[in-house]
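In the two assemblies presented below, subunit A is common to both, partnered first by subunit B and then by subunit C.
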Partner chain A sequence: MKKKSKSISYAKWGYIFILPFFVSFFIFSLIPLIDTIRYSFFEYYRSGIKEIGPNFIGMANYAELLKSDMLKYGGNTLILWLIGFIPQILVALLLAVWFTDIRMKIHAKQFFKVVIYLPNLIMASAFAMLFFTMFSTNGPVNEILMSMGLTEKAIDFMGTVGGTRSLIGLMNFLMWFGNTTIMLMAAIMGISVDIFEASDLDGCTGLQRFFYITLPQIRPILAYTLITSVIGGLQMFDVPQILTNGQGNPDRTSMTLIMFLNNHLKSRNYGMAGALSVYLFIVSGILCFFVYKMTIDDDPDGSKAAAKKKAKEERRRR
Partner chain B sequence: MKRKWIAMLLTAAVAAGTLTGCGSSGADSGTSGEEGKVINIYTWNNEFRERVELIYPEVEKTSEDGTVTTLKDGTEIHWIVNPNQDGVYQQKLDEALLKQADAPADEKVDIFLSETDYVNKYTDADADVAMPLTDLGIDPDADLADQYEFTKTTASDVNGVQRGSTWQCCPGLLVYRRDIAKDVFGTDDPEAVAEKTKDWDTLKVTAEELKAKGYYTFASYADTFRLYGNNIAQSWVAPGETSIKVDPMIMSWIADSKEWLDAGYLNETVKGQWNDDWNKAMGSQSKVFAFLFPAWGIDFTLKPNWDGESGAWAVTTPPQEYNWGGSYIHACTGTDNPEHVKDIILAMTADKDNLLKISKEKADFTNTKSGMQEAASDNSFASEFLGGQNPFTYFAPVAENIKIAPLSAYDQGCVELIQNSFSDYYQDKVDYDKAKANFETAIRERYPDVTEVVWPQ
Partner chain C sequence: MKQQKPAHLRNVIAHIVLIILSFMCLFFFYILIINATRSHADLQKGFSALPGNAFITNLKNIANDGTFPMFRGIVNSLIVSVSSAAICTYFSSLTAYGLYAYDFKVKKVAFTFIMAILVMPTQVTAMGFLRLITKMGMYDSLLPLIIPSIASPAVFYFMYSYLQSSLPISLVEAARIDGSGEFRTFNQIVIPIMKPAIAVQAIFSFVGTWNNYFVPALVIQSKDKMTVPILIATLRGADFMNFDMGKIYMMITVAIVPIIIVYLLLSKYIIAGVTLGGVKE
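Coming up: the complex of A and B.
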């Protein structure tokens, strides 16, 4: 028997406790990730029940994707995201400012916070299903409009490019503005009350206060919201998929990148789908880099929120 | 130390015991001639199970959740049900088929079902997942002589070897509203209405009459698709080729549908089938005169959507003979219950009395030529939903004339995507050439091995 060492190291317990995460990450995330990248260089799909491949074909999948309508679907995704994001950030800002304004004295603040967050709890596909039924040509919305005499003939919402896109945008807006509001509220509440008081003494109007104090102070959080929303938007799938029955109608104008990816998976085309995933991975990676920069850097604008975050991180490190 | 050794020994003993247990049971079911204890059946709904319970004499009972049916000799049928929507059923089935060779005997797929839209994928001779019926000991020429010829062709591979059999046969008819017929033609007699719907040219004149009174002939452009699409002369993809050849029949569907929609014979707010608007078009408030349905469509789709009194509908001759749907029963290669499988297939698809019973109880048009002739003239087959009319009188002659379109493994995608792509064209969202281009894009996404799409001149 070996002689036991005298000093007791507790470090190994730390490693043992975090081991499950690393093991599951390795098995369920890292290996599939590497496999996806590997298959993107192969011709590998199913024709009927016969498997074709995997045959190594180099960059052919990537080249083919560039020739296809991928960029158009990227454009669609961007437009759909913008339609949802612009109202989302504006409304969220407005609500956040109102909710945090001490002089407004809004009652039942907690209640409203819960209510605006509620749509986010519904599954996106169920939400899309609901809209699909409500806005169909013979659906309740058209019936209401017609009985009120606002329109003679049923409006074909989902038959027009604008209609379909605005519906998707509206759904994304409804689902996410509550989330953004709560995040921005946290940011605004992080601003020192002293600044607001000082500005009041100097005779600052509400608008000035918003543009010269609140907005600059919450800029890092705003940027963070923007970038995470872009990354989420890139992966937009369930809402347009369900609303347009996977077709991206009309004329594929609401086909997003992930719906395009899903079309390839119908034939188990792992090669092509892998290549598309790698493109998306690179774009998301670049965006993540910006977020990283923004949250880790010392605060260049001297804002309180960033400084606070830094202090928090210091504490966590210790 | 000693204790540790004992523990290890015990563990090893237990492990060895478990392993031997597995080994012996595997060997039991592996020996030829012995039937396995479990029959696994892959399907997409309860349709097949209900029919097996109805007519298969060996059935003892089915568990309450409907997942296990016990036969009289103690064998259990396990029903593995996955929905057809979005290709889920085929995905699950394909996974199971790929694992078939290595699966333990009781987990092997024994029987699986397929629909006409994708039957060709599974009867493929190279893939060899569906057993030739002769290997089971069924002689199609003798045992299945009373079946409709086209159902046998559909379930055969390129070499003409039959690899599946069906209990149903799906000739389609024109189902119309009696009240609208009375309003427009002054009569709801199927014989008289048949004169107005007997071919496309006559039907167009009739459509004009209906329009004058504010009615639509059909609900959507997709309604007429099967009449054209299931009568194509060449398959979408010829065997061994990788190019899609669009049949002239499809082009006339596109041209006619556009013409009909623009003329106002179809309800422009109903876009395609199987959606809410389409279902509503079958209600009593709708202005749609007729639908094109086989027997299952009347019973399974029209009936639940109709909110008026029964007896409001009637069937008559369609402008063109067609077949729509049909579920095929296949014995899966590698099954450990060949005797049971043979028995089930014969009882379900070759026994005339059984098939007539299905027709009576479930309103299916079943796969027996002589039986359907009898049903056509037997008034006990009359339907209450159709106002006491006997639909078999109209189904039987249609079934005699069906020539099934040549199939390919690409049919499902082609049928689905051509309807979707041209839907935009009908609604004037894109022009004709753009719709064609969209079909080409979509079909290449679905089937990566397709190299080109050839349109007829």
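Coming up: the complex of A and C.
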């Protein structure tokens, strides 16, 4: 009895300690979110120095966005993400397997790890600016290509759709493959050595080991990497914004969703920015749910999974 | 014995691939630093793999440039990044400790809530955020870039995982018996135990804020409050083909080289920190 009353007296400290977090979240995230959702139903923008609205117009902003280029920009974002992500995950898998394979003798392992992770910490906007100067028609890359005789005329990398998109993809690849490699390495090192030893005794080849043991074992982390990368891709902004100076050139084929949002915010079109934010909020909410499912460990001893499996087997028998 | 040959071949291929990838990672930074040491006239003559002798001149040029106050920008970025890193790690530890060490009614709800918003992009609330800080009179100031980092769900989660693995509750109880107040226990016993986690997260938070472009670009208007990424973006927006190219390379250099140096000094801890607090299997 006495102990119970004591634990209650400490409970107030729990509230005090978590208070700053929630106050800050409430003020700087929740109120803005509600405000954003509210104005998505209003006609509210600035034309010149005159402010139009706010007038309630229901779902008109949402409908107008669907008719606008939003879906095209969504497609751009997806393409730009894929160009970076596909090589990123393949290279990361390969490197992670090599780094963790005890039979391979990789020299200067630590050096390679340090180097491949380096671009992840570079300021994306400065990196994009660097690429812009490097790949411009009179930049060093063209100079090198011409002096090597690989091309007669300077290549206008940023004048073509494929060129611009590839450059953005390349930057995203360089910035993220090291990070993914290190995540996957940790996952592979978490696999019990016994499984690998048993497979060796059974005469498993390297490829078999990869497809039948490593890959299935690291599936949770692969899924986590995929979804966090999708969320990151959805937020893609710095690199295309700086590389194309916010234009998404050529012909807005490199315009991403957040660049579109940024344009509405800069021109103070609160209604449209709000509606676009709500669309993004719904998509990222769904993705957040998956991450939540993966990080929350509601089945610590695996008993639930075991029960599920048993039930499944029973059903099959019937 | 049969296995040896293909394994040897695989080894060679692995090294070739690694060298190519490392070359790709380092090549651009190498050219950047080389070009930052060359004068505009020198750069016009074409590419050279060897450094020039205009390093100091270029550095002086950007220090004296009023249109792109790069050093003012670095100071602003440092203020924002250091204070963000400090309050983000402190308050995340505090929140994590509050949810870890105490039992109270909304504990589970609070935890679930933070986990649900773990990876929520900040961009979706940007519009309301911009309006709010305008109303609060914080538009065009550094404060809105710092204060919101009190609530950093990802850092919280990291700290919480760390507490779970390294702080026995009995230690907190022992401190109570010795008459230590709750805040004192946190500041003098828990914080020192969490030092490794705080160090790792402080680095990541510092780098993240240093590199952040979206929110500062919305909030900051005046030149003397701009952070480095905004200055880089202004540089891109300017009609810079008439600019001194040596200066441009030098500006990019001062934006990214400080981080590279910090990284090279702390790479061991940073790389180890990447995977901590990730998903549970």
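Please note the rule applied: the second predicted complex is superposed on the first by the 281 of 318 C-alpha atoms of A that agree within 3 Å, B and C clash if a C-alpha of one lies under 4 Å from a C-alpha of the other, contacts with A are read in each partner's own complex, and residues count from 1 in each chain.
Operating definition for what follows: a contact is a pair of C-beta atoms (placed from the backbone, for glycine too) under 8 Å apart; a residue touches a chain by one contact, two chains touch by 3 or more.
Note that the structure is a prediction, hence the values are computed from the model and not measured.
One more residue to check, A:Ile34. First (subunit B), second (subunit C), both or neither?
Second partner only, subunit C.
So, does A:Asp156 touch the first partner subunit B, the second partner subunit C, both, or neither?
Only subunit B; A:Asp156 stays clear of subunit C.
After the superposition on A, what does A:Tyr10 contact: first (subunit B), second (subunit C), both or neither?
second
Once chain A of both complexes is superposed, is A:Thr133 in touch with subunit B (first), subunit C (second), both, or neither?
So A:Thr133 meets both subunit B and subunit C here.
Return first, second, both or neither, reflecting whether A:Glu197 touches subunit B, subunit C, both chains, or no partner chain.
neither
Could you look at A:Ser284 and tell me whether it touches subunit B, subunit C, both or neither (first, second, both, neither)?
A:Ser284 contacts subunit C only, not subunit B.
If you count the residues of subunit A that each partner touches, which comes out higher, subunit B or subunit C?
C
Looking at A:Met183, would you say it contacts subunit B, subunit C, both, or neither? Reply first, second, both or neither.
The second partner, subunit C, only.
Using the superposition on A, tell me which residues of subunit A are in contact with subunit B and, in the other complex, with subunit C.
After superposing on chain A, subunit A residues 133, 246, 266 contact both subunit B and subunit C.
Name, in rising order, each residue of subunit A that touches subunit C in their complex.
7, 10-18, 20-25, 27-29, 31-36, 39, 91, 94-95, 98, 103-107, 112-119, 121-134, 140, 143-144, 147, 174, 177-179, 182-183, 185-187, 190, 206, 220-221, 224, 228, 231, 234-235, 237-238, 241-242, 245-246, 258, 261-262, 265-266, 270, 273-274, 277-278, 280-281, 284-285, 287-289, 291-292, 294-297
Quick check: in the complex, which residue numbers of subunit B touch subunit A?
86-87, 94, 97-98, 121-122, 124, 126-127, 129, 269-271, 275-277, 280, 409, 420, 423-424, 427, 429-430, 434, 438, 441-442, 445-449
Using the touch rule from the top, collect the residues of subunit C that touch subunit A in their complex.
Contacts found on subunit C: 7, 10-11, 14-15, 17-18, 21-22, 24-26, 28-29, 31-32, 35, 46-47, 91-92, 94-95, 97-99, 101-107, 110, 112, 114-132, 144, 147-148, 150-151, 156-157, 182, 186, 207, 210-211, 213-214, 217-218, 228-229, 232-233, 235-237, 245, 248-249, 252, 255-256, 259-260, 263-264, 267, 270-271, 274-275, 278-281.
If you look only at subunit A, which of its residues touch subunit B in the complex?
45-50, 52, 68-69, 133, 136-139, 154, 156, 159-161, 246-247, 249-252, 260, 263-264, 266-267, 269, 272
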